[in-house]
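In the two complexes below, chain A is the common chain; its partner is chain B in one and chain C in the other.
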Partner chain A sequence: MNQDATAPPAGEPVAPHGGRPLPLPKSRAGRWLQRRLPIDLDALRYYSNEPVPNHLKHWWWCLGGTPAMLFAVQAVTGILLSFYYVPDPSQAYESVKRVSTIVPFGWFLRSIHRWSSNLMIAAVILHMMRVFFTGAYRKPRELNWMIGIGLLGATLFFGFTGYSLVYEQLSYWGATVAGNLTEAVPIIGPYLARLLRGGEMVGDNTLTRFFILHIGILPALITALLGAHVLLFRLHGVTEFEFESPKLRGSEEKKTFPFFPDHVMTELIVGIGLAFVLTCLAVIFPVGLAEKANPLQTPPHIKPEWYFFWTFRWLKLTGLTFAVLSIGFFGFLALAWPFVDAAIRRRRPASELSVRLGILAVCALVVLTVWEAFATH
Partner chain B sequence: MEADAERAVSGGGRRSFIVRVALMVGLGSIAASVGGIAARYLYPLKAIRLKRRIFLAPAADVPTGRGKAYRLPDGGTALVTDTGTEIVALSDVCPHLGCKVHYEGAQGRFVCPCHGGVFEKDGTAIAGPPAEEGKNLKRYAISRVGQNLFIDIEETIQP
Partner chain C sequence: MTLDQKRMIVAALSFLFLASLLVVAWVEGGKERIHPKPRPVVGADSAKCLQCHEQKTPVIAAQWTDSRHAQLGVGCYECHRADEKEPDAFQHEGKWIATIVSPADCGACHQDIAREFQHSHHSQAAQFIGSLDNVLGEVIEGRLAAVNGCWQCHGSTVAFAKEKDGTVRKDKTGKPMLDPTTWPNTGIGRVNLDGSRGACSACHSRHAFSRAMARQPEVCGKCHMGPDHPQIEIYEESKHGIAFRTRLAEMNLSSESWVLGVDYTAAPTCATCHMSATRNQPVTHDVGARISWTLRPVISRKLDEWEKKREAMKDVCANCHAPDFIAAFYTSFDATVEMWNSKFAVPAQSVMDALRARHLLTPTPFDEEIEWSFYRLWHHEGRRARMGVSMQGPDYTQWHGFFEVAERFYFDFLPKAREAGRGDPQVTRALKAVLDSPEHAWLKGMSPEDRAKIDAFYRERYGAETVK
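Up next, the complex of A and B:
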């Protein structure tokens, strides 16, 4: 047997396992790069061009990529904002004011950052609803649902630490209320609150902690979770559904289309659309600056960002400890839902209880949110 | 029939080409805008320079033959010396690479600790890199009104 027939010429790149010669690109520049970056292009094409079901052509199925793109927007604008931000209670507000009023395009970047954070949270919620109501979290994708809940939690915490950094009245009193809520958690609460605030009350240490969380720990956590989320999604493949509508089902002979470039192209169109929407929002509704934090005076009407409205209303309707425990329980239930749903379906295979409970939960959250939005007290 | 199929394929090809070009243009414009905005945002605004004359000290306070340091409102320090023939106010910033010079009593001269630049009491560089480059200590303009000294300073305000 002639070994040399399959062996690559000396100095040519070889695939790591099996020693198969790597296919060389046609162009000279491509070959130059391939020798320095020995990637198996055939394998790359195989993994990236994976066929995905036709229903992915519909916009509802682009909501997973949307928060990821918005996260990229947050990373770029956030890095730029951190060039002028000073995480010190005596200077934080002034530094934000300076960015918003003096630094060229500062108002624009800050507005994009704020609007993008709101859209990111909305996109995460919509994506999660899509996954929930189509049952895409079921076996074997339970772990990815749990990672998704982790991403939701990290995104909300991102939003909270973000608006605390501005150091306006809402920042200070929001952090104070959050600290006291944490304190209400039985047993570990007081320790957790002290750790979060870096002391007994909101002060110098709190702002530094929130800053490090916002620009270091949470971005790293989200990047890692997002990586795991996408990896698991690609390993399992896209969930296949049985659709009654022929439009979603696709023709019998062609039920799939390639992930790359077709679906990536759709995502890029969504990205350009997002850039347009964000620019419009930032220009038409630029983010202002409220009154500076005053630890001596709580403003008469204080409300958190819209995504925490429901917790605020729930807190007003129930007692402190009950509210904290029930919100904790709700979070745990959301995390463990794939297993709860599996238990329900084991007993009653045709049960639609998950969908009904999901609709109920969404309605409750919407009612609490709208109630808080319009209530004066 | 075959021609129809061919047209459909070429039409699809053309359409996909247009979509690709449109995407490239869209993404390219976003990247260019973001790059331009980021560059303008990061590059500091031009500093504002304000010239003004301020009171320095009574003339009698200035020592003869050695530098006395006066802090100025622009953040700098003026080393003021009565040389016998005139009163000079020198900037304490070495013209070589910006270190702060100090008065060496034993030598009766100003010395830069970084690279050994040596200056006379009137600010003339006599040794080290500043002398080689012919760069003296910067002089502030001093004016005398009655028994008092005034100094002309230039403040730099970074917006």
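Up next, the complex of A and C:
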């Protein structure tokens, strides 16, 4: 049998699509590995060394990687915490107490997990604000914006299910309020609330469902959305802007800089900086444990976590049904904003409505959040 | 920022991060120092015991492992070792040991506590043998009722099982066997083979020797309960008991130091008032050290040095109550006990004395109904009334106390006394003296004026139709 003269020797790795033979590393171990992992190192080097626009040197443009890093912290600490957590109403609170007081370094893991969740939500919000105000959601990146909105929703739901698992008073009554809000959604609300709670009220089934959501469904969802988000980001490339500032624009000769190692080093600074900040927060402000959930005693003053303050205040101001419908509308508007914005800009190309609306929305959220933070009832 | 500058920042941040992890380790170490976990210290002899007993009696071994004794290296052998000359000593795996750890053994380390206890009323609890109670239990009810009932609280006199020829029975290893009617027994006044009295494990259950358990009211409630001395029931219905149940989590029961007003403030337990430390007095294992009355006998009397004892109790009360409150309580308590004495105890005793003086009762106790009636009057109902008022249990003072005392006295004891007296002049005089006293004048009938007052009150309060 004749062999193709251009074909690589049998057993040697080739580039995808029957391309050229992959260059073999010089070391024996390298060659061993290359034969078993036939990755085109040149192609990998090409993709990883892709030049990125100069403005990525600015810290404001590094927020995208931050939630992903914090998500990794959450995954590691969450797995360790789940070794001790018991998702049963009769044991949940005690198991968290055990983690905080008896398990070696348990207090540290729990504090890191809680602080990291808060920072992750803050980082997602800041990242989305950057994307929104720089118009980076516009064509052809509309889908990635929508995935981002999905990630924001999943992250908030992650936070909610997380603090519900502790089974403090806030956990129980927060879940009760969330159940009531869900019930107020027209038509599907009652069914959705029952699905979420596993019954008419928050009970044994609710904790199990929240636990499964928190450690199984939401991590898988976020991983999938994050994968799609990064993939689309890589396919489209980094959004290029026209900056007036030479610092952001760079010089004519150096409009870009290498992703590796320059930008990776920047992300590394952010990552290690975050690890340091998280450790400091955990040591200086370790997470405590409030009163155990008591279904028979409604606390006189109950507040959710800070990222739901605005919804809570809005609910108090407008009433249950209007609040649920309006929050649903805001969510839909945020999701569809790239298309709404495009329609507006088609009619008025120079419109700055999105920026104005964005400022208005941020101001409203800040006012409602601060108002709820300082309100006594 | 150049790449080198970034590298420098990464290095600096990495250093800071690692340093912060050292702080985390330091905080974790501090946590361990604040909450030391029991780390058993096991001597060579006790280690040998544990090798087998962790398999044979794992629960005992585990309880000991969690105990304070374990942390201090007080192991199996340290407590159970015995001198060859001790009567109950036997050889076990090459060592001389004894089964029973007596207060004399505990006192080797806890000298002051052992001394206090030997002076306490608790240590005398088995001395009731020979009293009327013992005849009732051992003869009338049956000896095993006493063995498994009375003795389990009061304490047995520990003895060896005997062979027919009177020698001590031994098992195949040569271990002397204890008389099963006298042991197992953790009665508070147990008379031990070494002559010491008591069983520390009555309150400090072996082998955890938990402080918290000894401070729980339930420990006292094992014996201080029931129809004749329902202290635990009275405590539970009192404000003190309610506060304890409500705030149990705040009682700090496991704390080494347990000073009222310093280490806990939530509620008092039995131990708080009768034994535990206040800011002015140390803990005592003489449970009578703060008791001013004896409410046990037919006629209550104040104990020796009662003023000193009362001051000690008032010092406990003063952590929560003002002096006026305490003084008013004691005025009312004293008056109520004196009312029991003068209205029921002294008259009933005088009638019984007259019946006995006139030989109208047989010398055999409890063979006549009036003796049962008299016994119930003072030993059950009368004690309930007195103990109820002493511990602020209103229902035990009245419905379970004086109400039943009155019913027993007027409609059971006095009729039986008349019947037993059979018209004897001395008994008749005694009965007349009782009924002529002002406390019992109501029995002769109400004056028309008094009756009219009551009718008028009922008419006003409940309507005219309620008064026929």
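In the analysis below, the second predicted complex is superposed on the first by the 367 of 377 C-alpha atoms of A that agree within 3 Å, B and C clash if a C-alpha of one lies under 4 Å from a C-alpha of the other, contacts with A are read in each partner's own complex, and residues count from 1 in each chain.
The rule we apply is simple: a residue touches a chain if its C-beta (ideal position, glycine included) is under 8 Å from a C-beta of that chain, and two chains touch if they have at least 3 such contacts.
Computed from a predicted structure; not experimentally measured.
On the superposed chain A, the positions of chain B and chain C overlap enough to count as a clash.
In the overlay built on the shared chain, the residue A:Val103 is in contact with chain B alone; chain C does not reach it. In the overlay built on the shared chain, the residue A:Met265 is in contact with chain B and with chain C. For chain A, the partner that touches more of its residues is C, with chain B and chain C as the two candidates. Looking at the shared chain after the overlay, A:Val76 reaches chain B, while chain C stays out of its contact range. Of the two partner chains, chain B and chain C are each touched by A:Ala275. In the overlay built on the shared chain, the residue A:Thr223 is in contact with neither chain B nor chain C.
When the shared chain is aligned, chain C comes close enough to touch A:Val283, but chain B does not. In the superposed model, A:Gln297 makes contact with neither chain B nor chain C.
The single stretch of chain C with clashing C-alpha atoms against chain B, selected from 19-27, 37-45, 55-63 or 361-369, is 55-63. Residues common to the contacts of chain A with chain B and with chain C across the two structures: 104-105, 108, 265, 268-269, 272, 275. Within the complex formed with chain B, the chain A residues making contact are 76, 80, 83, 102-106, 108-109, 265, 268-269, 271-272, 275. On the side of chain B, the complex with chain A involves touching residues 19-20, 23, 26-27, 30, 34, 37-38, 40-42, 45, 159. The touching residues of chain C, counted against chain A in their complex, run 1, 3, 6-7, 9-10, 13-14, 16-17, 20-21, 23-24, 27-28, 31, 35.
Residues 57, 101, 104-105, 107-108, 261-262, 265-266, 268-269, 272-273, 275-276, 279-280, 282-283 of chain A touch chain C in their complex.
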